[in-house]
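Read through the structure below, which is laid out as structure tokens, and then see the notes.
Here the chain labels run A, B, C and D in written order, and each chain numbers its own residues starting at 1.
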Amino acid sequence: MQSNMFTDISLNHYLVLSSILFVIGMAGVLLRRNVIVILMSIELMLNAVNISFIAFSKYTQNVDGQIMVFFVMTIAAAEAAVGLALAVTIFKRFKEVNIKFFEHLRG
Amino acid sequence: MDHSILMAVLLLSPFVGFLINGVRYKQATYKISGGIATAAIFISFICSVLLFSELVGLPVDQRKIHVKFFEWLNVDKFKVDAAFYVDQISAIMILIITGVGTLIHMFSTEYMHHDKGVTKYFAYLNLFVFNMLILVLGDSLLTMFVGWEGVGLCSYLLIGFWFTDKDKAAAGMKAFITNRVGDAAFLLGMFVLFSTFGTLNIQEINAMAPTVAETSWMGALTMGTMFLFVGATGKSAQIPLYVWLPDAMAGPTPVSALIHAATMVTAGIYMIVRLNPIFIMTPNTMLVIAIVGALTALMAASIGITQWDIKKVLAYSTVSQLGYMFLAVGVGAFGAGLFHLMTHAFFKALMFLGSGSVIHAMHEEQDIRKMGGLKKYMPITHWTFFLGWVAIIGIPPFAGFFSKDEILWMSFHSPMGHPVLWAIGALSAGMTAFYMTRLMCLTFWGKSRVPKTVHPHESPALMTIPLIVLAVLSVVGGWIGIPEVIGHTFGHIPNYLMEWLHPVLKPIPNLTEAEHSLEWGLMGASVGIASISAFIAYHFYVKSPEIPGKIANSIKPLYELVFKKYLVDELYFKTIINPLIELSRKVWFYVDVNFIDKITYVIADLIKGGGGVTRSLQTGNVQIYAMYIAIGLVVALSIIIIK
Amino acid sequence: MLLSTVILLPLVFAVFIAFWPQQRTLRHLALGFSLIEFLISLMILNEFDPGSARLQLVEKFTWIERFGIQYFVGIDGISLWLVLLTTFLTPIIILASWTSIDTKVKGFHSCLFLLQTAMIGTFLSMDAILFYVFWELSLIPMYFMVGIWGGARRIYATIKFFIFTMAGSVLMLVAIIYMMYLTQQATGVMSSSLLEFYKVKIPFVAGTFMNQQTLLFFAFSLAFAIKVPIWPVHTWLPDAHVEAPTPGSVILAGVMLKMGTYCFLRWVIPLFPDATEYWSWLFLSLGVIGIIYGALVAMIQPDIKKLVAYSSVSHMGYIILGLFVMNQYGITGAIYQMLNHGVSTGALFLLIGMIYERTHSREISKYGGLASVLPIFTIFFFIITLSSIAVPLTNGFIGEYLILLGTFKAAPVYAYFAVTGVVLGAAYMLWMFKRVFFGEKGELVKDDHHPLHDLNLREIVVMAPLLILVFWMGLLPNHFLNWTKSSVDHLVNNKNKYYLEIHENKVAKGSEYAN
Amino acid sequence: MTSDVFLFWFLALLIIGSGLAVLLFTNPIYSALSLAMTMVGVAAVFITLQAFFIAGVQLIVYAGAVMVLFVMVLMLFDIKAEVQAFSSGKISGAIKLISVGLLSGLIVGGIIMSQKSFVGEMTKDAVHMAEIQKLKKSTSPDASSKELGMVLFSKHIFGFEALGVLLTVIAVGTVALARSRGGTHHAK
């Protein structure tokens, strides 16, 4: 049975979408200097993961995938809160939210 | 009285004396300390006499008193008891030790009275006697070794008695370490004998001794006896380990008399005599013993001629006389060796105590060049010393004559002996006569060279009484062992000593009947040599005192060599001690510090360097870390996919 | 419960001390505790049956069932005296450190008790994992003891000490796990019990290195060799000793080094009999080298403590020699020498600590003429010196003699070399003694403004038990050897098929009560 | 081309486009707005997958709360477009880009390659079609939310409670952090 890539939307399409979004988020994390944008990129990555969770959940008819997304969202919200709080403290001291102020872990 | 109580009192009395004096070591009451110590030894002496008489009372073939106190060590087949036994040989020894010991303790009481550490001194002295008794009475080689090391220890303590003087402390140390070399060999000897016989019990070993002589050099028995003999050279100051004895004169003079003349230094001979059944079966060892003994006798005597220190002369004389004793046991004449041991104990202790008396009178002066003419100041010391002198140079009928003659005769006559050995012995006898006469002349006779500030005086009674007793013994001591040839001539005087010792001494194999004329001849020769030497010495040092200096000058290099004791000490330092210390330094520096530690440092540095490399990866930039994650992800995924 | 009590009571004490609020009574408390511990450990003698070679007073509880790991402790003649030595030395150490440890007193005593638990645990564990836990645990308090209360270069010394010992034990852990695997292969049930290990026949091929038994043998041996320490891996010892405070040195020399030699006897020799026999030449040589090397290097040390540390290397060489000749004399002598070394070297370190407290120097060249200033100290030091150089009637002689005898019976060549240690030992000790105690007064001794005072009552009380033991062990060795005899005989007679059974009679006694 | 298919492609393009916009805008405010757009797109994708409840949560929590938080912080700081929005370092930048590219290629390639072995087609597979039809009938939005709630409060109750605790901690921690004087270590 021949399938058409454009008309037959399979699980793979969702997974590919998810991975592309994930990689975009990752590029953001790697390349941007603004801490807040980095946090945003992390949100992107989390969203990408969520897509694949939901897709799998749909495919396997298992509601656990949705539960996991629920959890991920909660964590993401928490993470955003903490991350932004950190950004605030950085900003208070340096008047800038550049990632370079986190370089104290140098070995 | 029960034997075990007698034995216990004999042994423990000196130990109790040691404890009492040891506890009150700070007191300087010399009369009480000396009294306690002397009494302790005297009690032992009484016990010795009682034991001796018990022994005499027993039938000839059962003359043995064995007392076991407790089991000391018991591992597998190795069993050693704290047991002691008296037989004919050890009976003589305990009599000498406690008898002479009592006299010397008595002498010390007066001699040491001005010393602050007098109580400590007596404690050590008592401890020494205790250890010496263990050595002599121990029924196994290990028990003997306990005393063997113990006397070495006491010798160390007493030589270094005036420890604030660095040289004296060093002399003590030298004695102990040199002895330790011997002791290490003794240990090996014990191991060999244990491997061979499966026991260290002396009686059992003697009973198991083979009946056929072992001729191989590498045989177990030969090795064992050889090791034991090396042990003996340490304790009894023979070549090559004699060097400690002259230095040991740093100790108080009575110590020299007791330890370094009468008792401890004879332990080696005693040990060989006690083990005579196995020694006689190892002719190779016997040969070595005889040669070493003869050479030591000669070498020490020659050094004695040149020394100026009164105690040094006596010390070399002791080494030389010990050489005689080894010569005797080396040719199989164990009885003669023991005989000489006994007479030597008398006259040498006498001479040491006499020299102590002189030193005491001269206010610690030991150089005989600063003496002379002391005869008129201290007549008792002079006359007792005189008797010792005639005894040692072998003038009949004094004690030394009989024992020394017996040795010389046996070294010629015994199948294990050789005329060369006799010749060396005779030569040494001549030298002995020479240097002893020289000592006599320079100290007591001739013109007084005493410095004006010193006023010599006769010593008090506490010191002279022991001298007199010993002098008497030096005269009559030899009469218990009059050789058959003389005894026969003067009407069947029996040789008491040899009869007494006969059951415990193995006869020399293949001993032929001697020709009396030869024996007489040799006897005459040795007495002649001694007399002539003595006369020459008298001539040199009293009649024309300038001659010795001239002779010394004419053979200066040789004289210097002898005067400096053949440079043996220097040789040892140069070839053994200094290289050893140098080696230690090198080993420590190169192996420990620069090799093993370096290796660990290198390993540590490698790890540290590796850490440095990985450290530079830790830039602190979070994004770079994230990049590593990404790279890792790429690699991991590639692997999964390619697979 | 006796053994568990002996092992764990110090731990309780350590915690108790750590929370004890009063600084003033702390030492009294610790001393009391340690004496209680000693008395309890003496009760082992009461319960112990010297006639049996079996494992006695056994306690066994499952710990991690899946891997067959147990809490398994037991005692036999080999470990008996070492346990008592540990409990015996602790009160002495506490009393000796009465004035010398003046900072962080609480921590110090806690460390000490923790260390005691670890050491006794090491001696009594019969389960490999339990043993490993105790073995490693002993490092930690020692690390702190040297690192906190030590001398000037203490950090260097602690790190060296720690890394050396850790390096060895890592391999040992691997070997233990492999042994557990082998046990499973052989019996079907995984177990880390030593008794199960004994039953495993480990394949051995002579002549090659890459076979199971040889590799396991070396993995274990390396860990123990570093602890002993055997010759080429000894360099941590002098540094650790020099920098350690007196109590640390005493524990280190007195007990910790024995952990290495004891473990050779408990683990290596019975577990790997073929490899032990095949490679014994190596250990005998290293032992002999250690004896001579330690003595030579000790001779030229300028620091008294370093000298004694190197003398330890020399003495431990004797013990290794005794262990690897594998006959009754050697092993008995080695066990005895372990005790001797604990007593006499421990005492030497105590004495050095005492003089250090007075002069704050350990440099030999600065001393001299001490004998006329401190007579009691001199007498004590001399007696311990005699014990150290193995003069008869002191404890050292028995051990050294038996070891040399055993060596001579098994391999005379080594005995010929080892016997030089007897001479060299006397040389370095007496030379040191001469330079410190004899001669003219040295610069530290001369000072008239601060005259040195002789030992006080506390210090005499500290030394007295050790001195008594020196002569007791020298004069009546059978009192001690009778307890080890059957275990040693059992080991030697079954060295190729060693097994250990559990002595049940105490349990039977208990069940009688129950009925 | 059914509406489902069209919807998927449309949403995919939307998500990817706005995602790229987050990455590429130098002004953070624009990035934030683009992110909001992405969130909405993702919520829509959830709806196409019949996860109605989650889609709702996505809209409310993400697009609502979290994005507002971001925007508020940005407004608070008054952050303008940055001169240097991307991290410096040519080599590391290149490596980053390369690895990101490789990663995306690998993941996509991996997913496509594994097609046969792993995934049957969602729309074509007859059995699945039947099931999905059945599901579509049975699972109204209410039903799926109910099921979700049942599972969440029974099977995953521990995780749920733990999250509650976590959120409390986070709330306290965030306040504490925000109140501190700021900065890590010392000022440069």
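Keep this in mind: contacts are C-beta pairs under 8 Å (C-beta built on N, C-alpha and C of every residue); 3 or more make two chains touch, one makes a residue touch a chain.
Nothing here was measured: the structure is a model prediction, and the numbers come from that model.
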| item | value |
| --- | --- |
| Chain C omitted: connectivity of the other chains | one piece |
| Chain pair with more C-beta contacts, A-D versus A-B | A-D |
| Central chain (distance from its CA mean to the mean of all protein CA atoms) | C |
| Separation of mean Cα positions, chain B and chain A [Å, integer] | 95 |
| Averaged-CA centre spacing for the pair chain C and chain A, given as whole angstrom | 60 |
| Computed distance of Cα centres, chain D from chain C, in Å | 64 |
| Distance between chain centroids, defined by C-alpha means - chain A, chain D (Å) | 6 |
| Touching two or more other chains - residues of chain B | 621, 623, 627, 630 |
| Contacts with two or more other chains, residues of chain D listed in rising order | 87, 96, 100, 103, 107 |
| Chains grouped in pairs wherever the two touch, ordered by label | A-B, A-D, B-C, B-D |
| Chain B contact footprint on chain D (complex, rising order) | 87, 92, 95-96, 99-100, 102-103, 106-107, 109-110, 113 |
| Footprint of chain B on chain C - complex, ascending | 160, 163-164, 232-235, 293, 296-297, 299-301, 327-329, 332-333, 369, 371-372, 375, 386, 391-393, 397-398, 401-402, 404-405, 408-409, 412, 415-416, 419-420, 422-423, 426-427, 430-431, 433-434, 437-440, 475-478, 481, 485, 489 |
| Partner chain C, residues of chain B touching it in the complex | 25-26, 70-76, 78, 142, 145-146, 149-150, 153, 156, 160, 163-166, 169-170, 172-173, 176-177, 180-181, 183-185, 187-188, 190-192, 194-195, 580-581, 583-585, 587-588, 591-592, 596-597, 600, 604 |
| Residue ranges of chain D touching chain A (in the complex, touch as defined) | 1-2, 4-5, 8-9, 12, 15-16, 19-20, 22-23, 28, 31-32, 35, 38-39, 42, 45-46, 49-51, 53-54, 57-58, 61-62, 65-66, 69-70, 73-74, 76-77, 79, 82, 84-87, 93, 96-97, 100, 103-104, 107-108, 111-112, 115, 119-124, 131, 135, 144, 147-148, 151-152, 155-156, 159, 163, 166-167, 170-171, 173-175, 177-178, 180-185, 187-188 |
| Touch list for chain B against partner chain D, complex | 621, 623-624, 627, 630-631, 633-634, 637-638, 640-641 |
